[in-house]
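There are structures below to look over.
Presented sequentially are two complexes of chain A, the first with chain B as partner and the second with chain C.
Let's turn to the complex of A and B:
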């Protein structure tokens, strides 16, 4: 293949794409920021607030699934850990009323520590065991929340969580205050994710996802990096859960069931498992807001997610067949572009 | 002591069912290195297939009813599993590991929710297939139900063992699991082997659904979720890819769960199973009877 010409064009395209993806992220965030000034309907604001919280969650899961190529099916459990940590540290339940930033930080940390505890034994052998173990972990968290009644309040949960008090601003009942709090957190999460993807760590994740063996040979330590991805993903979930607990003012185990994990996974897969931020936020909007618009189809909501996941994967993996030959787009310049299984991959697979 | 023995019996009964589902996981993993998520869904469909089969033949003749339920469940399980492979796995053969995992979970969500719409979300009472009597052996009571469940599970394992070790298709499966490229050069059609593997795994899961359904007395659309997890845990504990290992793993999971349920509470029994899985992964990640795999380039 004549490499020099397409590569240069490829680089230019990649640069342009990167610019577009940053521009897309800013555009989506700005639109979300001005939304409450235009929309007066409180119900819509409430739905948008949920979209923001799930977008933060999805950004975290996108690191785990999209970047490191690990499947986490108990992701909502980390959301629960974050929410319950916040509930315990700032409610009459234990009589603690700690500072907002301390509570949020500790909530994220708690989620991260749980991730390391279950990630370490699981990730040592095969990354794909993680899918099942996290599913089991999600169950354990749900069982614990329901049964450790002395600590978690059992099925009725914890009520009367303090409204946040940030730099002397006391939150009341106004939804827009919480909305902007979630917006600020989402913006920070988006910036952190963008920064991570560009960093050495992010590149190592991509290398591991694409070819673990080659990455290892280049001196990348898989266990450490997988744990990092899994832990950082959990931090995002912890923060989102903490804000969720504040918004609700109460927490109960019903919010942290496995269907919610599948929902976040659907967001991430719909967004294309790429390193771009804005598709994740848009996908969160579609997955959260669409069922609200189609209320009478609630029964079918989960039913739709199944075929959606299968179709997304099958289309993605067969996309290269539909690409016309000789087009510049076929040059693998974009690091996100899905790489079709190379003959070399198949040979390696077979000579285990 | 009698409490302990009683829980041991209960655990071994459930464990023998987990073992046959775990064997399905292990078969598919052996041939494709794939964790087949939708296995729990196939199990649930098998349970409903048995229920409907019994509803059509009636329960006057117990033997006929049991045979109808088991055959219907095995047939439906095999067909559904072949369809699962055709729709969700075959189009992405050779992709990165993450893709079949996502596709598998999507198929599970589809099966569970479709069953919820078709059969209703409420638990359905299972017809009494097995005679109610019980045997008293010293301090422990063994019900006839338990004996039949274990007997059918053992019969399934025996059939599977015969199929894999004595038939041409079994030889082709073993060869493909050992080295796909070499097997294919010897004239083994890999796609055919994969279809047979999925059919076997589906039949085993379907029969397990009937056994648990009639043992517990209900079928629900969500019944496959936890058993899928536990059977996978059993397969990993026994060393995934190793069929006798799945039997030991299944029995171990069953006993751990029964002990947890008996001595702590039924909710914590499930949590203990995953605790055991994590501990095994920590101490012996390749499972009790697994081989450490060496990756060559």
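Let's turn to the complex of A and C:
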């Protein structure tokens, strides 16, 4: 047995870490805010805009996978629900042209409700089983979008989505307008996520993920909290999807294929399933921008991307090893080893 | 006065009877449950806290008159019955303070906000002299301290019953002494049940002892009565 007494250094470090994670979040957000003033290349702004949208998605999935420990492989379906809700409520398709905030709110809500409807029966499953069921649901959503032609326009999707009109500011074709819209949403999402991690709900999610049995024995109701994680994660996806639909001006089922789910999951994993915000945003940058940087490899692009991704995760995991978190398993496996003989030695040794 | 009573409880796992027709009633104070390996001690805890599948439970468990035989683990916990585990179950990613605060989040009396839970956690840590460790993670603590944190997590909920599953396992003699004192203190206000192999500790701190063997209750009484009971000696030493 080592470290018998906690050190002051340990306590000081814990406080510092918290400060650093907030400072990191602010730094990344500020950098993203000033980026369009420095960068004039519209293509790079376009890539950064997608980074922002995927960062919002990843913050949502980070709640589901990172905080609550639920492996959801169909997450992109909620992005699709958000995008299509926006498309239906603000395009000539149904002849509806509702207010920007109403549409964004309803898109988030639709994704959240959809998540709860899917989650209620499936969240009794765990691990691989849940992964497979969510993967299936993700595909069902895409196939439905493809085939409900009367409502969704089928494979060609919905076009001519209204540009946002926020407090009288009518959006045109300037990419930077959408960029700042996405930036504001990301900032709000980051604040909400930070608040959630600190709240009783965040505490309960981490407890459930770490040890469901001990969490239940502490009075936590798993299904309710898992549903909340699923629903809140989907709200993030719904908002991101809504902005995505506005940026594109159109939606079609191809945008919501299963590969995209894996992209978002890769971001969350690369960020180390962290309780901090800035690694998630940085990871979104890496995962979204890297394939763009590899364009010169043309059709071999994904071939290069794959190994780079694996390398990134391996490096990240090992960097991790030198930092905090030895797990409970690091405790001496034979607890009785150091114990003086007791009258109880009459009893055979406990083996369970 | 808190009462926890078990009435002809039987637990059957396939062809194995883990518990057979166990009955007893406990009130505020410290009750020890002892017995050789496989006697059913942990199964008894598991069936009180809803961790044994309902279909396998027969008989009745009541807490202050309310039937909790078929209650879920989280409901039992919310009613004020908290437990520790034989293999320490702390949350590795949370700090000690957060670990203990999780215990305080969910009680039947009220919805506890994060800050209030942390205040309750600080108080529980102070009671156990663990304030210094509040910001550390479980992996940075000794085995004995981890066990204490588990107890703190129970106490933060202001429970009326605490079930301790081998709290002294892996502890040095000094730590055991301190644990014994703590148990005696807690026994004055709580209904404490102790599963423990350290018979020395059990006879020192318990008001009453129940002895299990092969899932059956073979004796119950004060520590002095238990020590002189021929059935108990036979079960432990294998002599007639």
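Operating definition for what follows: the second predicted complex is superposed on the first by the 284 of 352 C-alpha atoms of A that agree within 3 Å, B and C clash if a C-alpha of one lies under 4 Å from a C-alpha of the other, contacts with A are read in each partner's own complex, and residues count from 1 in each chain.
By our rule, a contact is a pair of C-beta atoms (placed from the backbone, for glycine too) under 8 Å apart; a residue touches a chain by one contact, two chains touch by 3 or more.
Since this is a predicted model, take the numbers as computed values, not measurements.
Asks: Per the contact definition in the header, classify A:139: touching chain B only (first), chain C only (second), both, or neither.
Replies: The answer is first: A:139 touches chain B but not chain C.
Asks: For A:204, is the partner it touches chain B (first), chain C (second), both, or none of the two (neither)?
Replies: In the superposition, A:204 contacts chain C only.
Asks: Examine A:122 and indicate which partner it touches, taking first as chain B and second as chain C; both and neither are also allowed.
Replies: After superposition on chain A, A:122 lies in contact with chain B alone.
Asks: Taking the superposition on A as described, I'd like to know which of chain B and chain C A:213 touches: first, second, both or neither.
Replies: both
Asks: Pick one for A:95: touches chain B only (first), chain C only (second), both, or neither.
Replies: Neither partner.
Asks: I'd like to know which partner A:221 touches here: chain B for first, chain C for second, both or neither.
Replies: A:221: touches chain C, not chain B.
Asks: If you lay the two complexes on top of each other, which residues of chain A touch chain B in one and chain C in the other?
Replies: Looking at chain A, the two contact sets intersect at 209-210, 213, 346-352.
Asks: Once bound in the complex, which stretches of chain B touch chain A?
Replies: Per the stated touch rule, the residues are 33, 35, 37, 87-88, 91-92, 94-103, 105-114, 117, 179-181, 225-226, 229, 232-233, 236, 265, 267-268, 270-271, 273-275, 277-279, 281-282, 285-286, 293-297.
Asks: Once bound in the complex, which stretches of chain C touch chain A?
Replies: By the definition above, chain C touches chain A via 36-37, 42, 49, 51, 72-74, 77-78, 82-83, 85-86, 88-95, 98, 101-103, 105-107, 112-114, 117, 132-143, 146, 153, 157, 166, 169-173, 196-201, 236-237.
Asks: Tell me, which parts of chain A touch chain C in their complex?
Replies: Answer in residue numbers: 1-6, 10-11, 14-15, 198-200, 203-204, 206-207, 209-211, 213-222, 275, 324-328, 330-332, 335-336, 338-340, 342-344, 346-352.
Asks: Within the complex, which stretch of chain A touches chain B?
Replies: So the residues of chain A in touch with chain B come to 65, 69-71, 73, 118, 120-122, 124-125, 127-129, 131-133, 135-137, 139-140, 143-144, 146-147, 209-210, 213, 258, 262, 265, 269, 299-300, 302-303, 305-310, 312-314, 316-318, 341, 345-352.
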